[in-house]
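By letter and in written order, the chains are A, B and C; residue numbering begins at 1 in each of them.
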Amino acid sequence: MSLIKAKNLDKTFRIYQRGEGLRGYLKSFISRDFEEVNAVGDLNLEIDEGEMIGYIGANGAGKSTTVKMLTGILEPSSGKIEVDGLDPHKHRKKNAMNIGVVFGQKTQLWWDLPVRESFKLLKEVYEVSEEDYEARIDEFDEVLQLSDFWDQPVRKLSLGQKMRCELAAAFLHHPKIVYLDEPTIGLDVAVKERIRNFIKKMNEEEEITVMLTTHDIGDIEDLCDRVVVLDEGRKIYDGELDTLVNRFTSRRLVMELRDGEEFDLEMEGIKEVKREEGSVEVVFDRDEVSASDLMRKILDSYDVLDFRIREPDIESVVKKVYNEGL
Amino acid sequence: MKENIEALKKYARIYWLYFIQYWKSRLVYKTDFLLGATSQTVSMAVSLAFLTLVFTQIETFQGWTFDEMLFLAGLGGTVLFTQNMFLFNITRLGEDYILSGDMDRFLLRPLNPLFQVYADDVHDNNLPKVIANIALVFYAALQIGLNLSLLQILYAAASMVSGILVLASIYLVFSTTAFWTGTSRNAIWLFFRISNFRKYPIEIFAVAIQALLVTLIPIAFASFFPASYLLGKEGFETWKMVTPLVGPVFYYVAYRFWKYGLSKYSSTGS
Amino acid sequence: MKLTRYLSFTKVGLGEGLQYRGNAVAGIGSTVISLVLFYYVWKAIAASGELTVPFSTIIAYVALARVINNATSANIESWVGERVRKGTIVNELKKPASLKLQIYFYQIGRSAFKMMVRGVPAFIIGVIFLNVSIPGLSTGLLFIASLMLTLNLAIALSYMTAMLVFWTKVGWSLRMARTTLAGLFSGAMIPLYLIPENIRQVFYLTPFPSMVDSPISIYQGTAENVLQVFGTQIVWLIILLTAGELLWRKAKTKITVQGG
């Protein structure tokens, strides 16, 4: 049974044009020109309880719009959403009790207050019982070491410390679903690992469903089995990570040719040839030409000193997704 | 019913936490607080000086004695500045909550977003003014020799609460426009200017202005009507009777408008 | 002293004023509301007792006071306050131009703007609705001269108060206190001739009457001796400038002691 169900989700925004100069300013009181932007179009998404999915796409692809609709902040232009049986917009408060959110740069904590007080407030807001709260904080402290800065005001924390608090805050009340937006951005490797371990722990031990939006390759590799790719508001891929990588990237043959050798091979299946200082990189589609055929041809025609084959990797997929779309 | 009581308790607990935290961090900025308090005191002193000097030239003002005028000013001031202390934060809606994206953060919590805006700041620079105005009311009442029946005291308490709600509804309506315009500050300065009208019996103004003070910017309910009733003045009897009731009504209307603005926000984003 | 260089500050002041169009609307709006309030209050006062002066003269006085205030308001407190808070005040000192003159010319620019956008509309309202009469040529010219002196007084006063910002770190509360007191003592709220003699003498101990009551007395022709009026204004100008200078010297030592 799906915990999160989105059907035919559509979100169109009206961007009103600002009139130029005084005339435009006055005119804007009568009628305004607007542009309609379709941020999310005909999106269907189903997420089961306990899943941890990566939600990726270039900036402006509609990721945060989708999350805002799933969390109830934004009302869809059309379509249906059901989160644990509730319409998140209609039953915003009830749904909010069930979810945790780490939303980019915006903190869920209170800026001027010490961390301790922020959590006290959260305890009240999310109706966490006293015993449960104590146990939870202890549990989190083991993994996230919150006691290091428990009495410091949130605004004085380093990025890594703040993020650890955000995560603790998101999972404090045993939510069914947690939405994470760039949880590891700007952090050093050690902290990243600690955070990823924490998220994994929560997902595995408590079956908390996690929807993760991230640019970070390590995050995706480490945490997500399933990946949903969004491009210009539309879902273009929904499935296993491995399949995504294999389908959308090509193998690369990198070789070192003898000085002076010109590489000018034309062959079916060669997608791209990149030449750099001393090396040539051939990007090829292994559905059209096998590595062995390609190699044989090249070794016959050219004087190759050294070569290696680069496997498709997540990095290039992600780069591709974020830079050019798929 | 039980659910509602539980909810009320929850909100009360949360507000209390906000409140003590606020004061803890406030104590750090002592000089700011003192300075603000000083300039507010100057303001009040000048106001009183004006009235005193005017009364060196006349015996009564439109039938009101000096002490009665003090009572009026004090009553209106108490209501206005108490409101300002706790419910003023809504005026920052446009610049500080919508444009900054903080409103989204509020919507992610299982709490009423309007409550969160109100609770986010206590405007304590109003505290000296509240105290001074309460003192003024008692002083004036003493000078007049005001003897109020129990019913009248209940009326006074109810009208003051009602007055706070009336003022809060004005601020709420003006601030809600920020959902469309992005700014809430411009709408507020207008109210500030007009709030000075509260210190005078509304009969001295042209009828058009009286209408304004009772309908669009109904500050008459927060000061003149209750004071006039308690002092036993004649006129406006019906208005005075309904004063304790209009507050909740106005606020209810303002709250519906707020919900409407919020729904617009949910469909257009920020 | 290169005049042109300082005039550039005037241009800046003027320009910055022009940027805030909403400010102009707000200014006219608050003038109208304020004058409406005073109109009815004074009408009621006049109807409640025997005043030594007719209502029409009183309300003309109050309107003129408003015009003068709108045209001559200065806000050096915020200028200094902002720079003290951000710490950039030291940069201003390092500039090769005298800080005082910079501020002066800048304020002239701002006031020129305010005169146009707030003073003139207030004057028009006064003439049409509030019984402000159009003066004869010589009275008008003398009034303008007195107004210029008021402008300088306003800048000097604001400057002096601004010096206190070096100690208080916040400008707005000082400015508010100053303008509120000025409102009362200058006659802007109650024409000074309505105030009992002994209290009035206390008011004259402050510079405020010379800033508003003085030019009005020339305008309405109630001044006994025009030269005396000018004299009083000039004396106060000297006093304020001296006080400002003394405070500045103290402030300068404070800055240099504390470091940049």
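Here is the rule we go by: a contact is a pair of C-beta atoms (placed from the backbone, for glycine too) under 8 Å apart; a residue touches a chain by one contact, two chains touch by 3 or more.
For clarity, every value in this text was computed on a predicted model and none was experimentally measured.
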item: Most centrally placed chain - per-chain CA mean versus overall CA mean; value: B
item: Maximum centroid distance from chain C, chain identifier (CA atoms); value: A
item: Distance between chain centroids, defined by C-alpha means - chain A, chain C (Å); value: 59
item: Centre-to-centre distance between chain C and chain B (centres being mean Cα positions), rounded to whole Å; value: 31
item: Mean-CA-position distance for chain B and chain A (Å); value: 46
item: Interface hub residues of chain B, defined as touching at least two other chains; value: none
item: Chain B to chain A touching residues, read off their complex; value: 10, 13-14, 17-18, 21, 25, 101-102, 104-105, 107-112, 263, 266-269
item: Residues of chain C touching chain B in the complex; value: 22, 26, 29-30, 33-34, 36-37, 40-41, 43-45, 47-49, 51-52, 168-170, 173-174, 176-177, 180-181, 183-184, 189-190, 194-196, 199
item: Footprint of chain B on chain A - complex, ascending; value: 13-14, 65, 68, 71-75, 77, 89, 92-94, 96-97, 99, 101, 103, 106-108, 110, 112-113, 117, 120-121, 124-127
item: Contact set on chain B toward chain C in their complex; value: 31-32, 35-36, 38-39, 42-43, 46, 49-50, 53-54, 56-63, 186, 189-190, 193-194, 196-197, 200, 204-206, 209
